[in-house]
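Common to both upcoming complexes is subunit A, partnered first by subunit B, then by subunit C.
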Partner chain A sequence: MSKEVYLNELIQYLKPLPPAEQADIIAEFREHFELAEFNGRSKEEVIAKLGNPRLVAREALAQYQIRKAGKSLSLSGVIKAVIATMSLGLFNLIIVLLPFAASLALLAGVFGFALFLIVSPILLSIQHQSIMILTNEFFLMAGLVGAGLLLFIGAVKFTRLYYDLVLRYLRYCLKVIKRK
Partner chain B sequence: MSNRLRNLTRLAVMLIAVAIIGNALMYVLGNSPFNVHELSIEQTIRSNQVNGVLIRTKIGRVDVVPIEGNEIRATLEGKTTKKWMKDYQLVVDEDQGLAQIEVVQESRFRFIDIYTDFKLTVGIPAAKLNQLQVETDSGNIHIGSVDASEYLVTSDTGSIKLDIKKGHIHAKTDTGEIVAALDHIDHDIIVATDTGDITVQTAQVPKSLHTKLTTDSGKVNVSLPDYHDGKIGEGGPLVDLFSDTGNLTIKQK
Partner chain C sequence: MNIQFKKGVLELCVLVLTAKKDRYGYELVEQISQKFEIAEGTIYPLLRRLAAEGLFSTYLFESDEGPPRKYYKITDEGKKVKNELVSEWSKFAKGVQEMIEEGSDE
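Now for the complex of A and B:
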């Protein structure tokens, strides 16, 4: 494979990235080739060292998604970063998807429970099918709603920390892959 | 956003403080949802014509024990909050030799229940039954030395324990453990659970027996003497144990 074929292939795989990002990466790879030529190394050697253009592009895409998600922490951004990291290989599917899915389900459970407590007065009214509930269980309802609100606020605050932790973990996974 | 969260936090803390003070006062007055009361209901059926017993409950655990006399005695005992005291009925009926005992919860919806803990004890006189059937949702089931030809025991999430002399056993639970302890195995034993362990114990080693032991990730351990290649001797009763993740054990008592 020649240098141009390699770079053209890489450009094709980098298409999901914004043009500026694509240009930066291609420029960086051109530099690698030029430096190698200057040092008297063959193109084959450089290509072997740089790796499959498809995998290189996937890694770049994962790095881009992680960076993007880090700028504006949101669930959709984090999910895109997770998917991009997962696409790097079967190993990542296990070490990324399983912990992420489990922790996300746990977080969703906490939000669900908080919501359950907040709407508990409605549930208690359905349960007892009587307005007398308001006098007998007013204090219980107040406590459940209060606990639900506190849990909800805690979960909202923790969510930002959680997104940050997920992105750190993804960066760590990328580092491990690079070392390999 | 931050101001809104701060105001919500203040509201939440205030609600919790009001709830603690209010519930403490109501508790002292004996009228809070945290005041727990004892419940005890007893019903009897004459056992002369009875050849089968069906026990069914969606709440609490079940204990079936042998008793003296000629009446089947069902007792529902336990504790629950004051408002639920009249919500439970113990219904007993006898029709064509089948005694039915059922714990009925009147209210259809139960989203929040501070405390309810019940046990249904059914005492059965010594006469031999054709069939003893017990069904629970989440409660554990214990069957003592009550004589029946066939035991049908099912629970969704509860554990099952049988301490019997002999008989045909069909037991099934989704997540609970199942223990069947017998004096001797002379009828088929068919037991299944998704995640629990299964143990079959026998005081006397059968002269013949064949087994079908199936588990995905559990261990199988049969320590009966003369047990080889899934059987003892030729023919005999079938012991069919199935668990997805639990261990399967057959041993001598």
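Now for the complex of A and C:
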């Protein structure tokens, strides 16, 4: 593999990054090659020691996705960051995917339950095939809807915190998890 | 040496090296790979992350000898993190050392 082939491969893997970020990383690797050559190291040795371009790129991508998700805190951003971190290896797949899937399912469950409470008067009137129950049991209905709304608002607030926690966990994973 | 173990220590290494003086990426790679084996390419994403976290500032310097270099300069925040990591490490290393010595007595 030549220097240009290595850099081209790296560029391919870095495609999801914004152009400026890509250019920055490539410039740094070019500098590495130039300085290594200047110090009399052979290209083969330099390339062997740099490590697989795919791994280098994955590392940069995962860090970028986590950083980006931290700025906007959206579900799609968090999911992208989780996927990028998982792609670093099988081990990461387990320690990242399982907690994320389980906690996301739990959160979705809370949202589902809140919505269920909010629409429960409608469901009850369908079940009883009359809307009389709404007036007869007005306070119960109001209580159910109120509890649903409170839970929903709480869940929305918690979601932001949850995204933040996931990103913290990913950052922690990036620091300690296996690379090869 | 164990890869996972090394990866955690790498951050400490680059912070300690830059605390002494400003360094360029290649120099850091050289200094570290003299001591232990690393996938050299992964130092650069690490440096980028630390710079993004505000532990480093960077500048380009045209050298009289050889190509221009991107230098990493440690920030005050970086020094703070470095000190924390160094004291954590010292405690950890001391603990391990004591266990080794106790173990060899038996």
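One rule holds in what follows: the second predicted complex is superposed on the first by the 151 of 180 C-alpha atoms of A that agree within 3 Å, B and C clash if a C-alpha of one lies under 4 Å from a C-alpha of the other, contacts with A are read in each partner's own complex, and residues count from 1 in each chain.
One rule holds for everything that comes next: contacts are C-beta pairs under 8 Å (C-beta built on N, C-alpha and C of every residue); 3 or more make two chains touch, one makes a residue touch a chain.
This structure is a prediction, so every number in the text was calculated from the model and none was measured.
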Partner chain(s) touched by A:32 [first = subunit B, second = subunit C, both, neither]: second
Touched partner set for A:147, first subunit B, second subunit C, both or neither: first
First (subunit B), second (subunit C), both or neither touched by A:120: first
Partner chain(s) touched by A:161 [first = subunit B, second = subunit C, both, neither]: neither
Contacts of A:49 with subunit B and subunit C, given as first, second, both or neither: second
Partner chain in contact with A:137 - subunit B first, subunit C second, else both or neither: first
Intersection of the subunit A residues that touch subunit B with those that touch subunit C: none
Footprint of subunit B on subunit A - complex, ascending: 120, 123-124, 126-129, 136-140, 142-150, 152-153, 156-157
Subunit A partner contacts - residues on subunit C that touch it in the complex: 3-4, 7-8, 11, 24-26, 29-30, 33, 39-42, 44-46, 48-49, 52, 65-70
Subunit A residues touching subunit C - in the complex, by the definition given at the top: 24-25, 27-29, 31-32, 34-36, 38-39, 49-53, 55-56, 59-60, 63, 67, 174-180
Sites on subunit B touched by subunit A in the complex: 5, 8-9, 11-16, 18-23, 26, 31-33, 83, 107, 109-112, 114
